[in-house]
Amino acid sequence: MPCRAPWVWAKVHFITRFIHRGMLCIVPMSLRSPVACHSLLDDLIAFHVVFGKTVPDVSLNAVANLGYAEAKWLLPVYPGDTLISRSTVIGLKQNSSGATGIVWVRTEGFNQSNLMVMSFVRWVMVRKNNIEVPAPQTVVPELRDVVPVAELVLPSNLNFGSYSTVLSGSPYRYSDYKIGEVIDHVDGVTVSESEHMMATRLWQNTAKVHFDATARPDGRRLIYGGHVISMARALSFNGLGNVQIMAAINAGVHANPCFAGDTIRAWSEVLDLAETATPTVGAIRLRLVATKGSGSDLWDCDGKYLPDVLLDMDYWAFIPR
Amino acid sequence: MPCRAPWVWAKVHFITRFIHRGMLCIVPMSLRSPVACHSLLDDLIAFHVVFGKTVPDVSLNAVANLGYAEAKWLLPVYPGDTLISRSTVIGLKQNSSGATGIVWVRTEGFNQSNLMVMSFVRWVMVRKNNIEVPAPQTVVPELRDVVPVAELVLPSNLNFGSYSTVLSGSPYRYSDYKIGEVIDHVDGVTVSESEHMMATRLWQNTAKVHFDATARPDGRRLIYGGHVISMARALSFNGLGNVQIMAAINAGVHANPCFAGDTIRAWSEVLDLAETATPTVGAIRLRLVATKGSGSDLWDCDGKYLPDVLLDMDYWAFIPR
Amino acid sequence: MPCRAPWVWAKVHFITRFIHRGMLCIVPMSLRSPVACHSLLDDLIAFHVVFGKTVPDVSLNAVANLGYAEAKWLLPVYPGDTLISRSTVIGLKQNSSGATGIVWVRTEGFNQSNLMVMSFVRWVMVRKNNIEVPAPQTVVPELRDVVPVAELVLPSNLNFGSYSTVLSGSPYRYSDYKIGEVIDHVDGVTVSESEHMMATRLWQNTAKVHFDATARPDGRRLIYGGHVISMARALSFNGLGNVQIMAAINAGVHANPCFAGDTIRAWSEVLDLAETATPTVGAIRLRLVATKGSGSDLWDCDGKYLPDVLLDMDYWAFIPR
C-alpha cells in the first residue's frame, strides 16, 4: 500500500509533481511519519513555525530584523507534529545612540518527542527599556559565515539512488551546476494581503506589523520576511527543481521591506558544491536573492542594497548526484 | 506515543503555543478524538459551523441579526466530525410597522453520533412575506440573562491539575482576576476580504451579503459577525491567555457592521467568577467588546452603541484555578 | 463507528449539509478511502489537480485556452491521494497567420496505484517557436460533441436507494427536471485575488498570468478558468442540490476572462436526461453558464459571446432517481 501525501495547505507553495510523487519513490521509512504515513513538511514550514513562536519574546517590537546565521535543519517535521521553541540570548551590544541595541538570540525548536528539529541564530535591533541604565557589557557572539559541510545533517537513510529526474520535471543534478553560475528563476508572484496574513498566521507569527494596518505610520502591513523567503524558494524550483532538502542557512538579510502589491522575483547563484557522506547525495550552497524589481544588481556604489532588493540569503541544500 | 494536533487551517486563528503543547499535557483521553488522536477544535468553530447551517433557513434575507442568548457548549468537536443543525422557532413578534417582525430560534447542533454538541438561541428581524395577513400571536420566549454556573458543562474528566502557565505563556489564573477588572487586549487585526470569505465559507455560511459585492447598495461585503467574535476572542488571548474553553454565551450583540479594511481591537471586562464542581477548574464570566476604533466607550448619551463598536458579548469560560 | 469527512479546505466550496451528512448514509465502502475512512473529494478537485500538472508543458504561455471535450471521471479521488498527469498531443493546426497554431492534447490523470482517475481533451492556441519552419501536417482529432451515456462511469456500487432529500435540503430528483428547463441559481460570488490564488496554488497551477500582476500589459491577474467552473458549480447547488457527482464534461468554453472584483453568477439549462445501469441513479446533462453580469443572453447578433459571459459548459452528472 503506497504512502499518501496529505493535503496540507501550507505545503502547496512548495509541492511539485516530483515532491508529491517522488516522496513515494525515494523517501525511506525513516523520513515518513512514525505515526501516520505522511510525507515530511517543507523545510521552511519548520523554520516559520519555530520562528513564529519566538516573535512575542524577541521581535514583537523590534526596530529591525538584522540577520540570520547558523540555521540548521536537524530532523524532519511531519503534519501533526507539535513544535515548541526555546531561545537563548547569546549577544548584546548597545548602539552609540544609547537608545537602541542589538540582541543576538539562538533559537532551538523541539518536537513532541523533545527532539530538536532545528536551530538558528538571529539578531534584531530593539529599543532600550531604560536609557538611564548604563550599557550592558558588550558580547558579540562568534558566528561562522558558513556552516561547515561536515555539520550538515542528512535525514537518516536519505538515499537519492532511485531519484527520477523524469518525475521531478528537471534534468539538472549535482554535477550539472558550476560554482559562480547564476540562475534567473524567471517567474514573479504578486503578494496579496489576505494570502500573506493567512500564511503568517499559520506560522503563529503574531507581530502586529503584519496584521494591523494602523501599526505603521504609512498604514501599510509589512509582509513577514519569512514569507518572502518561501516565495523566493518556491520560485527557485524553476531552475533548481531537484534542490530538494534545505540543510542550513548560512546567512540571510531582509534588505528592504515587502508590501502587498509587490511582485517578487528571484535569482540564485551557486556559491559552492560539496560531496556528503552519502554517495548519492550532494550538497549545494546557493545565494538566493529576492527582488521586487527586475534587475539583478544588489548594491549601489556605496555598497547599500538597492531599494528593490528584498532578500539576500545564503543556504546549503541537498541535491541528487 | 504522543498525541498529535493536526494542521487545521481553521484552528490556526486560535492556536497558541500553549494549546498546541498543552493539549498533550492536560487533555484527558475523553477530550481526544475517539477515532484519531486529535486535539479538539476551537469552541467557536463548532459555533460557526452549527450557525452556518442555519443561515439558509433563518437569516439568509434577515434585515438584522439582533442577538444571542443561552448558547452552551455541550461536547467537544474534533477535526473530521460531521455536524448537522436543527432549529426550532420559539418566538414571534410583529413590529409596529407591520412590514417586519422578530423571529426567535433555538438551534441545536449534533455530531455524527447524534450527540448534541451545542445549542443556542438567536433572534433576527425578517420581512413579513404577506403584509395582508393578520399579525401572528406574539410569543416572546423567556430567556435567561445569564446561563447559571450550575448549567455549564465541563468536558468530562477535564482537569487543570497539571496545567502549566509556563507553557501557556501567561501567568494569570482564576485567582488573578477580579470582578470589574477591565483588560485592554492591545493588538489590532485589519480584516481583509479574501481571508474573511475563506473563513466564512469554511463555516458554510452562505449569506450573500458576505460574498456578493452587489448584494448591498453600497457595494461592500459585510464581514460575518461570527468572524468578528473569533477575531476578538483571538485578540483576547493577550491578557486572557489561560481562558481556555468557552462554556456559554450569555448574550451577544453585533452593534455595528464590520467591513474589509476595518481594524478590529478588543477589550474585556470580568463580570463574574465562580467555582465549578472540579476543584482545578474555575469559571470566569467575561464581557468581550470588539471595536473598530481605539476608544473604550460603548454608548452615546442616548444609550445607543457608538459607531465604532462592533461586538458586545457576555460569555462564560473555564480557566485553571 | 461512523465515517468522518475530514476538514479539507478545498472541499468547503462544495460541501453542503447533505454532502457532509449524506456521505455517512449513502456512500458505500467502495466510495470511501481504502486507507482512511474519508469521503471522496469534490470531482472538480481531481480535474483541477490533473489540469494543473499540465500547465507547464501545455498552456504556460498559451495565447488562449480554446476548449474542453470528452472529460470523464473514472475513479473517485480521496484526501491524501497522489495524482500525476500524462498528456498526449493528438492534434495540430497552424493558423493562417503562420505565427500561431492550435494544439489538441489528451490528458490522463493517475493515482498512486497507477489507476486512471480521469481523462480529458483540451486545445489551446500557442505561438509557433520558429515561423520559418514549414507548417506541420494538419491533424484535427475527431472529438464527440457529447460523451455517450453508455460511457459514463458510475462509481462502483453507487446506490442512491437510501438518498434523503430531507438531508440534502433540496426536494428535486431526476424526475423533477425537464429537458429545456432553465434554472437561475440566483446567488453571486465576488472573486478576490488572494482567495483565487490560494485555490489555484492548491491545484499547483503555475501559470504566471494568475499570480504575476506584471505578466499582462493591463497589470491584472487573470482568474484561473477552472476557478470560474468551481464557483459556477458551487452556485448551481441552489437549484440543483441533488446533482451529486460529475460524470463527464462534454464541452467547455471560457468565453471571456475573469478578474478579481467580478461577481460571478450562474444559470443552468437541462439538455438531456438518461437512465443508467443502476435503477436508483439517473444521468442529467446540463449546460452551466457563468456570467459576470445579470443577463441570461449568451450571444450578440453575430453569434459572438456577450462580454459578460465567462463560461459555457456542457456536462453530465449523476442524480438520484
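Structure notes:
All chains are identified by letter, namely A, B and C, in their written order; residue positions are counted from 1 within each chain.
We adopt the following convention: a contact is a pair of C-beta atoms (placed from the backbone, for glycine too) under 8 Å apart; a residue touches a chain by one contact, two chains touch by 3 or more.
Owing to the predicted nature of the structure, the values given are computational and were not obtained by experimental measurement.
Under the stated contact rule, the graph of chain-to-chain touches is complete, every pair of chains being in contact. Rounded to a multiple of 5, the Cα-based rotation taking chain B onto chain C is 120 degrees. The mean-CA centres of chain A and chain C are about 36 angstrom from one another, to the nearest whole unit. With touch defined as above, residues shared between interfaces to two or more other chains in chain C number as follows: 9, 192-195, 198. By the touch criterion stated above, chain A contacts chain C in their complex at residues 1-2, 4-7, 9, 12-13, 15-17, 20-21, 23-24, 37, 167, 169, 187-190, 192-195, 198, 261, 263.
Residues 8-10, 34-35, 53, 56, 79-85, 112-113, 192-195, 197-198, 201-202, 204, 206, 208, 211-215, 221 of chain B are the ones touching chain C in the complex.
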